[in-house]
Amino acid sequence: MNVRPDFSKHANHAETAPAFLSVWDMHSYYGESYIVQGISFNVHEGEILALLGRNGAGKTTTLRSIARLDNPQVMKGEIWLDHQPLHTMRSHQAAVAGLGLVPEDRRIIPGLTVEENLQLAQIAPPIGWSLDRLYELFPRLGERRRQEGVTLSGGEQQMLAIARALARDIKVLLLDEPYEGLAPVIVDEIEKTLRHIKEQGMTTIIVEQNAVRALQLADRAVILDTGSIVYDGSAAEVLENESLRAEYLAI
Amino acid sequence: MFGLDKKDGTLLIIVAILTMCAPFILNPFPADSAMAQFNAGYPDLMQRFVIFGIFAIGFNILFGLTGYLSFGHAAFLGVGSYSAVWMFKLLSMNILPAIILSVIIAGLFALVIGFVSLRRSGIYFSILTLAFAQMSFALAYSVLTPITNGETGLQVTLDDPRILGMSATADGSIPVTNLFGLEMRAAYDMAVGPWSFTFSAGYYVCAVILLIAFYLSIRIFRSPFGMMLRAIKSNQTRMNYTGLNPKPYTLAAFVISGMYAGLAGGLLAAMDPLAGAERMQWTASGEVVLMTILGGAGTLIGPVLGAGMIKYFENIFSKINEATLHGWFDFLPEPLENATVWVLEHFVGAGWHLTLGVIFMLVVIFLPGGLVEGGQRIGRLFGRKKAATKAAETKPAE
Amino acid sequence: MGILEVKDVGKRFGGLKALSDVNLSVAENTCHAIIGPNGAGKSTLLNCLVGKLIPDTGSVMFDGQSVLGRSPHEINQMGISRVFQTPEIFGDLTVMENMMIPLFARRDGSYRLHAIESVASEKDLTQQAEQMLDEVNMLDKRHMHSASMSRGDKRRLEMAMCLIQRPKLLLLDEPTAGMARADTNNTIDLLKQIKEERDITIAIIEHDMHVVFSLADRITVLAQGTPLVEDTPENIKGHPKVKEAYLGEAA
Amino acid sequence: MDAILLQILNGLDKGSAYALIALGLTLIFGTLGVVNFAHGALFMIGAFCAVTMQRLFGLSFETVDPDKTDFLGNPLKVKTPYLESWFGPEVGGALIDWSVPLAILLAIPVMLIIGYVMERGLIKHFYKRPHADQILVTFGLAIVLQELIKHYYGANPIQTPAPEALAGVAQLLPGVVYPIWRIVYFCFAVLIIGAVFAFLQFTTFGMVVRAGMADRETVGLLGIDIDKRFTLMFGMAAAVAGLAGVMYGPINAPNYHMGMDFLVLSFVVVVVGGMGSLPGAVAAGFLLGILESFASTTWATTTIPGINQIIIYLVAIIILLTRPRGLMGRKGVME
Amino acid sequence: FTNEPTGDTVTLGFNVPQTGPYADEGADELRAYELAVEHLNGGGDGGMLNTFSSKALEGSGILGKKVEYVTGDTQTKSDAARASAKSMIEKDGAIMITGGSSSGVAVAVQGLCQEAGVIFMAGLTHSNDTTGKDKKANGFRHFFNAYMSAAALAPVLKNLYGEDRKAYHLTADYTWGWTQQESIAAATEAMGWETVENVLTPLAATDFSSYIAPVLNSGADVLVLNHYGGNMVNSLTNAVQFGLRNKEVNGKNFEIVVPLFSRLMARGAGENIKGIVGSTNWHWSLQDEGSKAFVKSFGTKYGFPPSQAAHTCYVQTLLYADAVQRAGSFNPCDVAAALEGFEFDGMGNGPTLYRAADHQCFKDVLVVKGKENPTSEFDLLEVVEVTPAAQVTYPPDHPMFAGGQLGSCNPGA
């Protein structure tokens, strides 16, 4: 099963380090609408990748495809995570294989308290950070642990969603607009955390509208436009290159 | 046409043609052939098709548009029937006043029940309507017997007053329901070769009313009101914060669909002047739910198809018996004949419910949108070429 | 006397004081921003204005009338429209139909049970809707099923639905969260333009300081349920307390 | 006084049946969100497990008794159960006598299998479908099951008597007697309810299923295979319904439409109890049972004619209008 | 007239409950109908054709036309039954409708047949109303009725249980229950019993415990169950569970009476039926020639003895055919005239009269008792007494039957 797809035709995969997560020629559909149209990219272990693009470019669709959710359907393509073929798995298997997704609308589970939302993440092994450690990271959650998750403020919910991902022992963290709705100080806080866990070896893909922030954090960037990759390269380069930014990110 | 766009206009015309030619369409088999068993073109069943069609169309205005699933609509049908029969008993055998009264009374009933039930939504609403209907049924079945004649059902009798008509005809029988003299029971038989077709006055009266009811329902579906109802189904919160109180709209939909049910009840009584309490039972309410879903909830024509299908099975399959089956298969060698009959016997006669159950399951499993979806699939099969070119153009949804 | 007067409003959730002694006065035809850390009570305050929550203490006056004790649709009829933190649209309807519903709503609260004439015959309403969609750059999506749009688009649609009602007071709860930078800028322009063209007052909650500083005439900083300061944008930017508790590096 | 006590006992007993059926239904309907119109049919199948067990134990061989004649005047064939000839009339007879409680052993595996097959084969595909579709498919299934039972067991009720030892009446107080089997049924119901509660309370199972119900997708993202748990939940609900049916046989003779008779009522009980609440369903079951019992007294029916026929619905209306989510409903569950 | 048979066949409509609580009765009725058709067409052993006092039928169909039939499902609902009957008349051209197993259904269908102009030969219906206030010129009932049950039972009850009894009635809350309760109460009160209570129970009830419990302390020493079908099975089972049968009240053994019995129900009630007294229209163990012939041909064909439902339906079919034959016409009015006042014998109930005034048959009524030691699964009831017809006959204007008019016969279009 260890056959690796051949990426040689992709100019941007010049690096020699073996990819930790690789997506190869992935095509995703919502019913009849063809959204992600054959994209391929690699993420290396311990790397932060920024996945950028306009509204409706297909970023969320890409993350959901990787996380193996039922919708969209991946009609073609392969996804490998640390030698495991994610494309043959369903979402719960992908999660066990080491994938963690912080979904875009947070998806706090109604009817469950903050603490139960976190406990839920620790039912299926492997288990990651302890609740205490999570509360340390987000004291706000500790204060609110008995409150029903969905009554949290928007920003608190975002914290809970991130904490929930970290509560599992994951190898790759997929973040869909993690800064949305967060106060600037908290964004700083989370950014620090992301850097911190990166140092401990976490691989991360971050989708963010605040492109500048994301690019400052990321090692590499992939830019999507109408379901295809239009840029794959270093993050710094995008930051520096005015025309690139203007063309794909309108900033 | 009539203020409808082309698609809806075509649909209305098709329905009109189908209903008007129903006596032919439903009797495709020569009268003395073995298949004659499957003919459905006799007045009573044709009337039932359209009457329950009306019932289902009305139900769909509530359920299909607002998503409120009422489990008590049979109560309005029953109330309509009782009102109509009382008109026959007290006033005259003319169906017009009877039907008008049944629509009004059912509307009033719906207003009261709807006003209370609509204070809740979702399953709580369903159970409230169910509870009201079951209470009405229980009362009609026993306590209110003086008004409803209980289990037997309210009937016209020889000694009813009928102040605008006559209590009994000259030859001592009960007069027949009529529309200004046109007797509902009147029928004309036409024989074409081995085929025979029956044209019944009652059926055509019902059919015309169905067309009007259907036309109105199209107009409602396409109106601002209809759109408002769909919006309510979609997101009540947004509705509130847009300055709209959903309650009057849902209540209006509830009352309109209750009036449709009353109309259907009145027509049932007009075609056959007896109102039985069972038509108010939960199973009857459930039946209209099943009709609507089976045909395709939220579609215009679906409920009518669903109603037709269920009534067809109830009336045609239940009448096929072992002897009939043997008649069909006697060309087979004896053991084979017996085996075939043994298998089929499960599904006809007393087993007609089994067939219905299986059909329900098959339809909902394979045609999630109901019979209408089946029709569309067939349509697509024929229009495959067009579809293929379309698919090639499929582009990202941006 | 402002068009919106909030006096001594307090709200508790069980043991939690979400709002206490909130006083706020919004002058007519201005844009008032409310900022503050996550969980400060911003959304709660908005909820108290539109009738989603009833404050425990205090009063809320709009246009000289109290809004307390009125149901949401009545408050809307007084001239307050609101955009939510997570988009609330009619997902089963098309974009165009979404726009028609607010047009059918009557300001005077009377009911239109127009069950017989067709939607298509409402020519001038249709025109108004199309014009509004054009203004938010969504005209090309008018036949789209609104649930299957990306979230940025849902946001814009919701805003358009509120604007087309020509409210006197528009409440925006993080309207640009998750919007691409280009669209954020469009939104800013749109709001500015509308503010100029129409007699409209805007109250906005935002974590994106770029938006806040471009739009706001005055800013209230809310922290732990009470207003910390209220001032002009310039002064807020430099306010040390605000910087520490909220803005962080963004300032 | 005695009369009141008796009516309370009756109410509890009626309530046990309602509560057990509603409990199973809540697991499927209130928790999994599937409007299961086949739940009554599961109850009926449970009862027919008892019938089947009785028939299995009663399987006999025929010998001809030349002294007697049958209805056509031919020599009468006398049947002797195999069990009696194998184990002797003592043990064999006792086994036959105890066939109803022993049918539990048959019912548990049968119901678990039926529940498994039903969920995997059918219901699984309907979680995401509208409730209307669920109603249609489960109603169809209920009809099919019911018709099959009717075809093979006939339409008339079939007696499944309680074991001799439990068939009599117990003297509870001087002057107050009560059928032993009904007391057994009540205790049995309490036991089952307790077991289900314990299972859901002391494990995270309940929480996970509730979460899965609210948002399957997210629960999957957290590495939990929710399908498996749903299947187990469904099997459990089927088993509860089945057990309620097995033990109900001696109270009222099983017939093919007993499920339909209970169906609507059990939905009312679940909703009055409040969607998603197990204690609610149980409480509502007992409450409605007791109220129905009292409404059936002569005193009640003479005061308000017909009250016995409408009491449940009347109470349901009052409760739903005064408490928006029934007795103990959870917010957001199927609203 | 309606559906005049023109070809060489004639169609009869058998409208029985195929679904619902009476489906077993319905199935048995259908068996009997099929047997009757077979016999009419000259097949089988001829059954009661050979014992029937009228010899008009020759086994060559009716008036030389081969008998065909259609069946339908009444679902035990008046609406559905009427729909089914209508389709038989309108679609299949049935000239006569027969069947039904509930009085409500029978009355409703009888009304329809009157309007449509065909003959209705009622099957199972026991309410006084069918030939009382709801009687119709086109409708005929062979089955006995509640009044007759009461008249036959009362003397037997007096013999068995004495004159000083207090009766508690549980009554199914609909027409049939009411008329039966009224009849039984009147008859028993006439011989000295006291009716302490009459409680109406909903038809939908399945658990009767809350109705039984009050009986324990009511001071009553007899419980009368005016229930039928599943209701009766359940209420009887519940009564036995509560130990009523082993109770002593007022120094007497507590007794249960089920005024209307049928063997199919008795099977449902199992052990509980033993020793309980009731009445029935007919039982297969009768030893007259007619009954023996019928049991033999039915038993040979189906492997078990016929029920009273089967019997009455079979007889009604033969009676109709015979009337047509004697009238020489299918015209409903001629047939009705041939049936009115018709006296016959050899059909299992002794000499019988179809009374012209109300179209009710008058014949012997059986009082039966659940058998203590059944020899087979069919041997559940034993005949205690055959009450002669004279004893159960009442004047046509008896108050329990007053109110309706027969009207005039309707031959239809």
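For clarity, chains are labelled A, B, C, D and E in written order, and residue numbers in each chain start from 1.
Heads up, the rule we're going with is that a residue touches a chain if its C-beta (ideal position, glycine included) is under 8 Å from a C-beta of that chain, and two chains touch if they have at least 3 such contacts.
Just so it is clear, the structure is predicted and the values come from calculations on it, not from any experiment.
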{"item": "Intersection of contact partners for chain D and chain E", "value": "B"}
{"item": "Joint neighbours of chain E and chain C, given as chain labels", "value": "B"}
{"item": "Selected interface, B-E versus A-D, where C-beta contact pairs are more numerous", "value": "B-E"}
{"item": "Far-end chain from chain A, centres as C-alpha averages", "value": "E"}
{"item": "Intercentroid distance (Cα basis), chain D paired with chain B, Å", "value": "34"}
{"item": "Chain centre separation (chain C, chain D; CA means) in Å", "value": "53"}
{"item": "Centre-to-centre distance between chain E and chain A (centres being mean Cα positions), rounded to whole Å", "value": "77"}
{"item": "Where chain C touches two or more other chains at once, by residue number", "value": "148"}
{"item": "Chain D residues counted as touching two or more neighbouring chains", "value": "309"}
{"item": "Residues of chain A touching at least two other chains", "value": "30, 33, 56"}
{"item": "Residues on chain B engaged by chain C in the complex (per definition of touch)", "value": "3-5, 216, 219-220, 222-228, 230-231, 233-235, 237-245, 248-249, 252, 256, 397"}
{"item": "For the chain C and chain A complex, residues of the former touching the latter", "value": "13, 16, 36-40, 42-44, 85-86, 148-153, 174, 177-184, 207, 209, 245-251"}
{"item": "Chain A to chain C touching residues, read off their complex", "value": "30, 33, 54-56, 60, 104-105, 140, 147, 151-156, 158-159, 177, 180-188, 209-211, 249-251"}
{"item": "List of chain A residues in touch with chain D within their complex", "value": "67, 69-70, 90-93, 95-96, 100-101, 103, 107, 109-112, 116, 119-121, 123-125, 164, 168"}
{"item": "Complex interface listing, chain B residues touching chain D", "value": "63, 69, 116, 119-124, 127-128, 130-132, 134-135, 138-139, 141-143, 282, 286, 289-290, 292-294, 297, 346, 351, 353-354, 356-361, 363-365, 368"}
